[in-house]
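Lettered A, B and C in written order, each chain numbered from 1.
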């Protein structure tokens, strides 16, 4: 948890950085038609952000605690799992990557509250396989949406 | 929980059976063919692909799945296709003229090249047509030209997209007739119909099928073909009226470069047969069914590229001047 | 009247009834899965309709469409994720209710409200189609621009707490929406030279990421699910008749939401995604207890769910009369009609009147069929989600999210975009920038841009091209609404200051 943060100042600074980034990314050769609207919006974003910064320095600034709910480590690791899952789909194929990801995430999150025996985990892998199969069949057979393949399905 | 778990296990077993039954037959095609459409579901490319689908499946004896990968006016799918698709005939993609000609010229990051694939077929053509409201005061192309000359830039022409067939044809009309028009790009043919009916634009340079489908509410002034269209017999061609404007959008199919010739041949034959089978339906919808395969298909691209070259060059010069 | 009777007779066919129930159930699944859209479902079903009679084909598609728009409510209520953009506002009220153990009640209310909305849409289509169609083509570029501005004033009521942060969220959404090829001009913007970014950020991808991931991270952080257990008293309150009585005890809310839904529906290009938010906002504004919105009120839920189902039949007003698809799924239906040789226009209601009216009635039947299908299905889905332990729920919802995102455009890049935006959204939430304004910016940014740029193109000969935005009477009306809507929070505050004693007189009606 991070205590008592001036969120107006943080949001304003972030907004200014974003407006600068977008402004910097404008292609100088682009025609008026394509850029007139984004340029106006970048300006508005910058103004709003500047107002937030000003408010951040005033007495009305909002303060709050960040990341105050539960375990932040678990959030971070879960996030890593999700991104790893997406990467693995391209390498292992959708089916195998998803079965692995579901079983591993379930194991990791379950360990926060209970112990998991090897037998239980083996059953979970099967359940995960069933879940993925359910979606896999619906998408590939019924909806005709081919899912990515890698080394495996 | 337990019941769900058991259900899941049964499903997993079922899936295993289905996967195992995939391979078997010999010769191409052995597995489903993925037909990529680079536009949204419900669009003209999609509707045509779905019409072709069942005939292709019958002829090839394999499942053909139509998948969508929309974005960037087609460029997302095309760039990924040229980068990653395997030349095994199991991934084919819908392609469009003039998109594949104009985008690589106009965009630095188009991510693909006009010639970077093996063309199977161009299966239909939608000629451009200049269309106005039925009850407006513009009745002929002469009226249109007169009005546009009186009020430079005041006459608006809606079209689908920038650097599209509609856009380039509007520029050609401006050039040949000595006009100054205001081209208003729209995000597709769909939104142009209400814009024209509601009088928010004066006219549209659009595909002739719009003129066919909305005969009751719209008037087609001229079509950009060599000869009059059978579905619109009363509408003159631009050529008849003294403007050498022939053009429109072609739709076709391509496979990755390096696909074995036997597979290309098999696909070409299948598409030719399919095109003939659905020709009547296609004509009813306002498409012109003329197909080009093999070398002819590549020649068509080269010809259209030359056809649009001067206009694209003008555009690039205008842009350079504005900077 | 004769034609109506014939149309009804055409529907008294077991196949038609089967198609309606099957279609609604299939639609429900599609709607409940984030990423699967009604448009996609209809496109997939398109080849099947070639072999059917025109009526059966249209009935099936209409039922799927109806079910899909309604199905979005399930995901919204149970996992705080709008299954389709049409049920964003449903999540604002439905999910808090589910947390309080009122999930079944929320689903039942949503079901009844959806059915009412669906039927209202059919009535609009039957009796008011010609005048509404004329209104629909009055919307030109400048009107689109003002509609988008009107939508953006919702930020004020959607941003809990700080208005400035809401505005920042809105502009972030708009800027995310400008990535990719520009809608007018056709040039790449902000793509960093990466070809795949020409496709930009699809609104639904952002919607999924911004709403689902923070919820999954929350569950992971707390190591528990957030659904509350349904108590006995809550079960009683969720009985069908009681819920129906509750829904109909708010006639003003229902009528208002249905009218809003219909007006948004006939604007080509706008559909349930905007209707539900506008109806929600108006319900909040008219409510005696606007401060209770966001904590699980049935008022907001009813507004959102009735308005979005009006758009199903409602958006077919311009489709059937003028051949203009009012919403993306209508484009597929137009395709089916053209393939069967049915051309939209007057003759659709005269020469092929029996078919057309049978199709319209079948949508009404589909709306009614949603009640049994939805109530049964809703209880089933609730039970599954409630009984699944948190450590399985997180990866399972993750699976549905990833597969749905992928399926939208067959793009693994979209999956990464979804994960990145969702993680970013979790961080933004910490500093008080909520996902709703960001998504609103994404939905409306493109509409505003297209309207604005087209309008100034149309004003090329004017001294100031922007004057074009202020020309038409319809624009004036919209501008007035924008002004009132933007000033409302201040007016309301002023009013409260003048009349501080009697707090119950905050009603706008």
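Criterion: a contact is a pair of C-beta atoms (placed from the backbone, for glycine too) under 8 Å apart; a residue touches a chain by one contact, two chains touch by 3 or more.
The model shown is predicted, which means the values in this text are computed figures rather than measured ones.
> With chains as vertices and touches as edges, which is it: line, ring, star, complete or other?
complete
> Contact counts by the stated rule: is the higher one at B-C or A-B?
B-C
> With chain centres taken as the means of their Cα atoms, state the distance from chain A to chain C in Å.
Spacing between the chain centres: roughly 24 Å.
> Report the inter-chain centroid distance for chain B and chain C in whole angstrom, where each centroid is the mean of the CA atoms.
Whole-Å distance between the two chain centres: 30.
> Please compute the C-alpha centroid of chain A, do the same for chain B, then give the distance between them in whole Å.
That pair's centroid distance is 36 Å.
> Spell out, as numbers or ranges, the residues of chain A touching 2 or more other chains.
Residues 31, 33, 127, 131, 144-146 of chain A touch two or more partner chains.
> Multi-chain contacts only, two chains or more: what residues does chain B have there?
4, 67, 185 - these are the residues of chain B that touch more than one other chain.
> Of all residues in chain C, which are in touch with two or more distinct other chains?
In chain C, 40, 44, 184-188, 389, 410, 457 touch at least two other chains.
> Flag every residue of chain C that touches chain A in the complex, lowest number first.
Against chain A, the touching part of chain C is residues 36, 40-41, 44, 161-162, 164-165, 167-168, 171-172, 174-175, 178, 182, 184-190, 192, 213, 216-218, 220-223, 389-392, 394-396, 398-400, 402-403, 406-407, 410, 412, 415-416, 419, 423, 426, 430-433, 445, 448-449, 452-453, 456-457.
> Which of the residues in chain B end up touching chain A in this complex?
The touching residues are 4-5, 7-12, 14-15, 18-19, 32, 34, 63, 65-67, 185, 319, 322-323.
> In their shared complex, at which residues does chain C touch chain B?
Counting only chain C, the residues touching chain B are 39-40, 42-44, 46-47, 50, 136-141, 180-181, 183-188, 191, 193-200, 202, 268-269, 318, 322-325, 328-329, 331-332, 334-335, 338-339, 341, 343, 345, 384, 387-389, 409-411, 450, 454, 457-458, 460-461.
> Note which residues of chain A are touching chain B in the complex, please.
Residue positions touching the partner: 28-29, 31-33, 123, 126-127, 129-131, 133-134, 136-137, 141, 144-146, 153.
> Where on chain A does chain C make contact in their complex?
5, 7-8, 10-12, 14-15, 18, 22, 25-27, 30-31, 33-38, 41-42, 44-45, 48-49, 51-52, 55, 62, 64, 66-67, 69-72, 74-75, 78-79, 82-83, 85-86, 89-90, 94, 98, 101-102, 105-110, 112-113, 124, 127-128, 131-132, 135, 139, 143-148
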